[in-house]
Every structure is written in structure tokens, then in C-alpha cells.
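Beneath this line is the structure, given in C-alpha cells, with notes to follow.
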Amino acid sequence: MVLNIFTDIHNLLLEYMSEEATHITELILIAAAYLGIFAILGLLLVWLERRVAGFFQLRLGPNRVGPFGLFQTIADALKLVSKELTGTVKADSQLYRIAPYFVITTALMSLALIPFSQEIQAFDINIGLFFLTSVSSIGVIGIFLAGWASNNKYSLIGGMRTGIQMISYELSVGMAIVTMVVLAGTLQISEIIELQKDGWFIFQGHIPAVIAFMIFMIAGTAESNRVPFDLVEAESELGAGFHTEYSGMNFAYYFLAEFVNMFIIASIAVVLFFGGWLSPFGITDAIPFAGLFWFTIKVIGVIFLFMWFRWTFPRFRIDQLLTLEWKYLLPINMVNIVLMALMVWLGLTL
Amino acid sequence: MTNTEIKNKIEKILDGLVFSGEESDFLRIETNKDKIRDLMKKLKEDGELSFDYLFSLTGVDFGEELGVIYHLESVKTRKLIQITVKTKRENAEIDTIHDIFPAAYFNEIEAHEFFGIKFKNHPDLKHLFLPEDWDKGYPMRKDYTDINMLIR
Amino acid sequence: MEEFLTDQLKTQEYFLNMGPQHPATHGVLRLLLKLDGEIIRNVDMDLGFIHRSIEKMCERNTYKQIIHLTDRLDYLSSHMNNEAVCLLVEKALNIEVSDRIKVIRTMMDELTRISSHVLWWGVMGMDIGALTTFMYGFREREMINDIFEETCGARLTMNYNVIGGLRYDLHENFVKRVKEFIKHFKKKLPEYDKLLTNNVIFRKRIEGVGYISEKDAVAYGLNGPTARGSGVSCDIRKIHPYSAYDRVDFEEVIFTEGDSYARYKVRIQEMWQSLSILEQLVDKIPEGEYRVKTKAVIKLPEGDYLQRVEAARGDFGIFVKSTGQKFPYRVKFRSPGFANLTALNKMTQGLKIADLVAVLSTIDIVVPDIDR
Amino acid sequence: MSYFSDIINGTKTLITGMRITGKYFFVNLFTRKDVITQQYPDNIDTLKMFDRFRGEITLYHNENNEHKCDACTLCVSACPNGSLEVFGDKKPDPETGKNKRYLVKHIYHLEMCTMCGLCIEACPQDALEWGQDYHHVQYDRSKLTKVLNKPGSKLMSGIKG
């Protein structure tokens, strides 16, 4: 059966090499697979974004290259690969070149924890959510470095804005997650999903969970630097913000990482609130890999919400961004945690 | 308020002005360049006239002389007057009025750039429209020639 | 602690070069910002990146030939600019035009105003970060452009006015299309409010930003919707009515707050007013000739002439000094955008970079108009 | 209390905005009804410009390859940009024997033309008219200089030279 595909590969490899070599080969295979997922995911999401943006804006979006314009982003990627890598003369060249890798590495690391279905999860660590939040905050350093190393004032302003934004919104994301962890009682992603078999957490934890979801969505938008929190790029103010001086593939790394980050945020939301790969009412639980379908559907739903935000709202100003976080989201979040704790203590959850 | 009334009022404020065009739609005043600051200040501050809106500042090459034509309007009465100041062609210099009418600031730069009229006490007569290293004279003057100009 | 910070933490003001290639400067305007962190200390501007010296070009052109050059000034209110030249010459030569011409000119003016404001609205949203508004604005603009193209033959540089009337008679579809547009726009304009005006983020971004007092507005020579947002009554259509503005019923939109939001509201309300003017006129276009015969060679008598019209951006003035030749001796275009831009430094003191973008778009500059 | 009402009212305005864009999204997703853009090179065959569209200046030729231009050069003097050049010559008229002007070359510099239409207005014979062609893209600037009179064309009868 399909289920055995992983064991089959494992046995096949064992036939040819020793156990340790097999282990390393498998790691490499998984890494390669995830790199592939990263690229395909990024390209697909870029395509989706442009298509969705088109419909929002009374246009069609890319529809020339391939069916429904699906290959448009691949063509764009090819163009970017073939482009010259430019940079400023006075740039701090080492940091300048390293910076994009911070962003993609962390995005890839987070991707390992995403449970695409019951079977497909590369790294099911018992402190999963904790690991996710900590890793995703490293990515900021890449943006920060890019802003600093480019030796461009626009980049620098963009970079500084990221610093402010991330310090603030990491808190909200973290606390929204903590709220749900209080409900779940575990940090391991697979367990969290298992716990939702009786009902998704957004229903189990009713009001506090809904509030946590809203806060998570707002803070998550900020985390992935999307409108209305795209001050880091803010094309009407800073040109292109932190990646002004990046071209070709270096730029593409940032571009793809941004979309993969959005996917990761959406996945966390799906895991925490909508039961991950679980099907509604367990209708397809018996079919293997059906989780993948449900997971994708849910993630695309959440991503669509992100896109809807992006193509509707204007951008915040930097001080309003901070006001929103420190005066609104954070206090509400704290009260919300207490509420959730009370609910769990009193057994009011569904 | 008719143009004649305006004329009478202005005559009371300051003498030595040349008036014309009372019967047309706006009054024309010609004045000496020494008096321009005085006149502008008084026109602006006079309660009844209150010509407080600098509509435009136009540099003109009169041939023999260079000059500036100011159009002042009163927001209260919506009357417009035209004030002409002339200065000689060499070392053309007129007092700035940008401290009286902030609107004049960039217009004076423009007039300096295109006609070479120096505005005394203007803080920054830079190149605004022309390139920063422009040294080919003053393009809006009538005697300016350039091979790139399309002559008909 | 405070002293320690100021001693140890040395901050430095720095310059940021905004433009000439920058998405927020609406063309090729270059702003030199002196910044303290994100806070603006001074805004200096450098113009002339598309300076074509249209004023000098006019000195070698006949009055008929000047008209099409004014299209290229403020290309979003090209019809008003054309009209200014035509009115100036018609007034100087005492050419009386028929009612039909006047009404058609007025209608075209208002259509141009709507199309300009609609574009401004779209771009304003884009500057603030709401990218979708741009396309919604263009949807309406396209309809108006089609009306223009059908009647005038061009979408942007219409060049429809000629001295003594109009180039062509109205196209037979004109009335039908304008009615369609009015119906369509009446449905869409409330949508603008729902999408952007009432949006809490948008309101927070522009309320109280870029304040300029009524006194300063007059002193800096502000005009048009920008000045009317500060409470200055300066609508040329009311003060010196031209064409058919004396026979239509409309209000001069004035808000007294003086901030960006007031300027925004003025433009939105002006669209409603323009719509009402169109409604009043669309059924009452009088019959008559569309063009008065004029001399082949037009010579203005010696003297100074001034004509002002209310363009979409404000008080567009054209000053002509004639020596009796067939060429004008000196032509000055008093551009509304240039006057409005001079107050930018005043408006943006102590604001942030993001606010500068918002203020710049509520001033609604068109760089060719400023550079001339 | 305004703290909470601010949040609620703010959220309401955001949702109103999302309703507007969402409406367009779903209409376009399923029906493409509100799509306002044109699929340009695809519709090149069906795209018809309005009759008055000012694409370029053309010299009217009838079916017998005759035009109305008698090379009076009024259009040249009307043009503000010098984008027209007319070369005429004189030859004796076979009927009257008098010298009569005729057109040799009517040169039109499209790259300098601002489509002001003054030449068309100036023409006493109505020989010039607007062309509706809008596709003027060329790789070479010199290709924009056009000769308006077709080869072998001659003056329409009935036009005085």
C-alpha cells in the first residue's frame, strides 16, 4: 500500500548500504524533498497571490504561461536565476551575501515541523510549537542584516522597522500560541492534532479561542510582513525596503521565504485552531494521505484570508503599529490567557 | 470694490505709483523697485484691501529691461491687481518678498533661474528646474539662443 | 538618565534622497529629506526633471498652437487647461460663444474633474498601501476616457477646445454614455467610502496629518481642493464664473480642519458636486453651433491678459503679455500644483516618512504641471 | 469604554471593506463579470478605435489613387512642431497651359507629431484626415518618417492647383 512507501524506501536503501549510511542518505533525501517542497510551495503561493490579487483588482492575473498561468512564476524564477547579482560598492559584502540564507534556512527549518498529513512530518519534536516560534524569530536577523549590510538608507530604515515590528509581534504570536497550549496541555504538534479529534480547538475553546485566533491572525500577518504590516517593504515609502539592493536569486530567496513564512503561519493557525490534517467529523480518517488534502484546503483557506487582508487594507504607520500591539493586542492577549486558563480549570471547554 | 476705489486706496498708502487699466478686469500698477517691499507689505497688511494672496510671480524680459510681474489677490474681496517692477538688464536685482508672501519663495528661484533676476536677501537662489551645473545663461530671456531650439 | 542618554547616545540627522525615481513621488519629483530617525525635519525639493520650457515654446507659437501644449501641463485636467487659453483669447477678442459651447465645455470640465479625482483616489489608496483602490479608480476613469475618446478623439490629451468653440460637435452617443456613467458612478462612489474612507487604518493614517492653517494656506498660495481643506474659499467656478458655471447649482466644498483628511473629504465631495452638475446639464444641452468662425491669424491687442479656471488641482492661471503680434510675448502658466507643493515643507514638519507620502498624495501633485 | 467601542467599530469598518473586495473577488472568480482589463494582443482583431480617434495623419486617397493635396503648404505652417514637410513642383497644365502646382512628396514625421490636428483644420481642400491606426511601434526611428502620398497617386480632378 501507499502507506508502506517510506518503509519500502528504507528497506531498499538497507539492501545496498550500511545502517548509518542509510540513515544519512535518508536525511539527505528528506532535505532534498523539503527543498523541493519549499521551492514549489513558494512558486505556487506566488502564483496564487497574483491570481487572487487579479480577481480582487478586477483583472485576471497571470494567465498566459501554462494552464491558468501556472508556469508564470516558474518563468519568473528562471528570469531571476539568470539575472546578474548586483550590490552596492560600500556594502558589507559578507553580511550582504549571508543575509538571505538566514531567512530561507529558518523558513526551511520551520517547514520540517509542519504536519502535512498524519504520515508526512519530518520532525515531530515534543517541544514543537516552542521550536517553531523560536526558529521563526531567527529569520528576522536575515532581514535586519540585509537592511544593515546593503548600505542603503531605505534598506536601513526597512531593517530598523523590522526590528521594532518583530520584537513587538513575536509577543502576540507567542502569547496566542500559549493560550492554545493552555487548552491543549502539550507542545507536540502531532499530539495537539490528535487532541482535536473530538472537535477543533476553535470550537473547544470557544470565546477565548476565537479571540486567540483573531490575535494570531493579526500578529501572524505582521510576522510575515504582509499588508497592513508591510512597513518593512512599504513600496510607496521605501521603494522596496530591506531588499532594495538585492537582485536576481538573492532577491528571490527573500521573495520565496516571505511566501513560505506565510504558509508556515497559516499552518500553525490550522494546527492550533482547525485541527491540522483532521477531516471534519472524521469522514476520511481511514484513507491514508487524505490528511494532506484537508490540510491543504485549510491552509489555503487561511492564506486566502491573509491575501484578502492584503488586497483590502491600507498600511499602518510605524507608531500605530506599536500602538496596536502594546495597547490593544498584548493586554487583550493577557486577559485572554487568564480566561482560557480559567476555562480549562473549570472544565468549561467542549 | 471697483478698480478705481482700489486705486484711490492704494494711492493713499503709497505715492509714486503708476496706475493703468482701471476699466479692465484688473488694476495694473507699475512701481519702482525700491518701493516693492514697502508696497507689498502695506498691501498685505491693509485691513480693507488685504491683498494677501500671491497669485503668481512672473519674470518678464521687457527687452530693454527685465522685470517681475506680481499678481496679488485679496481672499476677502477677490479683487486682483497686477504689479510690475522693472530693473535694468545688467546685474538685475529686486528685493525679495518671500518673507511677506511665502508663496514667492520658489517662484523667485524660478524667475532667477530663467531670467537672471537676482532677488536680494533670498536665502537660496539655487537651480530648481535647470540642472545643477547649468552655466549657459538664462534661457527665458529673449536674447538667449541655443542650437537645440527649434527656430521657425 | 536623560542627560546620560543625550551624552552617550549620539544621534545624527541624515539626508534621504526621495526620488526622482520613487513610487510615491508621482513621477519625477525629487525630495531631499532631512531626517531624524523617521521624523522629518526638513523637506527640500528639486524639480525640473521633465521641464520642457513650455512657456518659452509658447513664445514661438501662435495662439492656436499654444492650446495643445497646455494639454501637456497638467495632463489630468487637460480640458480645463485648453479652456483657459480659449477663454483668454475669446475674452481678449470679444468672441461670443454660443450656449451650446459653454454647456459642453462645462460638462467636459466636470467629467475631467471626476476622472482626475478618481485617479487621485486610486493613487492615494496606493500610497497609503491599499493597492486595490487603484484599479477601482481606473474602472471609472476608463468609462470617462471612453466618453472623451468617442467625442474628442483622444483619452488624455484631448485638445477639444479651439478658439471660438469646440473642435467637433458632440458625438451622438455622448448623452447616453454620460447618463450611463452617472448611474454607474452613483453606485460606486459610496463603495469608495466603504472601502477606504471609513477604514479605520486609513483614517488613523491621515487624520490630523499634514495640518496647515487657513492663514498659512493663503500665505503659501495654496489653491484648489488643497486650500479648501483648510477652509479657504477659492473656487474659481464660484468667484469668477466662466462657461456655464453661473447657471448650474453646486456648492463649493469647504472643510476647515486643514489636515489630510479634510483635503481627502473635499475631493470626495467634489466628485458628488461634479456629478450633480453633470446631472443638471446632461438633459439640457442647448442646440446651436459648436464653433464660431474666427480669423485665420489671431492677434491679441497689446496688453496683459489673465485667465483663471478651476482645474482639477486648483486655480490654473494663464498670463499672456502681448505686443500685438501673432505670437505672445510672454506666457506664464500659473500652475496650481507648484503653489501647493511649496507648502509641503510646512505641512510635514515633524511627521514621519509614511506621513510625507500621505500628505504628498493629498496635495495631489502632477509633476508635468509643476515642471512645465 | 471607548477602548472597546473603538475596537468594535474599527473591526466593523475593516469587515465592511473586506466585504467590498470580497464581493468583487467571488464575482470575478466565478463569472469574470467585473474584469475591466482587456486582453490586449488577443483582441487585436476585434479592437476597433472610435471614428474620431487621433492615431496618425493620413492623406485621403480615393479608389483611383487620387488625393486632394495641391501642395499649398498651409499645413506645414500650421504645424507647431515641424512634423510635416511638403515638396511641390510646378508644371504646365495640359488644359489651360498655365503653370500648376502639384505634390511631389508629403512627408510626415510621426515621431514629432503631437496630434494637435491643426494641419487638418488648416487644409483648405480637406486633403488630410485622421487615421485610426494606433500601432506605431518601430525599432528604428527613421521608420516613423512616412510619405503620405501613395506612389503614383495624382491630384483629384476639380481641385484647383
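Labels for the chains are A, B, C and D, by order of writing; each one numbers its residues from 1.
Going forward, contacts are C-beta pairs under 8 Å (C-beta built on N, C-alpha and C of every residue); 3 or more make two chains touch, one makes a residue touch a chain.
Quantities reported herein were computed from a predicted structural model and do not represent experimental measurements.
Looking at the partners of chain B and chain D together, the chains they share are C.
Chains making contact with chain A as well as with chain C: D.
Contact count check for A-D and C-D (C-beta pairs in contact): higher for C-D. When every chain is reduced to the mean of its CA atoms, the largest separation from chain A belongs to B. Distance between chain A and chain B, defined via averaged C-alpha coordinates, is recorded as 62 Å.
Inter-chain centre distance (chain A to chain D, centres taken as mean C-alpha positions): 51 Å. Note: centroid distance chain B to chain C, computed from Cα atoms, is 25 Å. Across the assembly, chain B contributes 150, 152 as residues in contact with two or more other chains. Residue positions of chain A touching 2 or more other chains: 56, 58-59, 311-313. Shared interface positions of chain C, defined as residues touching 2 or more other chains, are 132, 135, 139, 195-196, 199, 201. For chain C in complex with chain D, the residues that touch the partner chain are 61, 64-65, 67-69, 72, 132, 135, 138-139, 142, 149-154, 157, 159, 162, 167-168, 171, 191, 194-196, 198-201. Partner chain B is touched in their complex by these residues of chain C: 45-48, 51, 53, 55-56, 60, 216, 218-221, 232-234, 239-240, 303-304, 306, 308, 315, 317, 319, 321, 330, 332, 334, 338-339, 341-343, 346, 371.
Only residues 52, 54-56, 58-60, 308-309, 311-313, 328 of chain A touch chain D when the two sit together in their complex. Against chain A, in their complex, chain D makes its touches with residues 7, 14, 17-18, 20-22, 24-25, 28-29, 32, 34-37, 39.
Contact residues on chain C toward chain A in their complex (touch as defined above): 14, 16, 22-24, 38, 125-132, 134-136, 139, 195-196, 199, 201-202, 204-205, 352-357.
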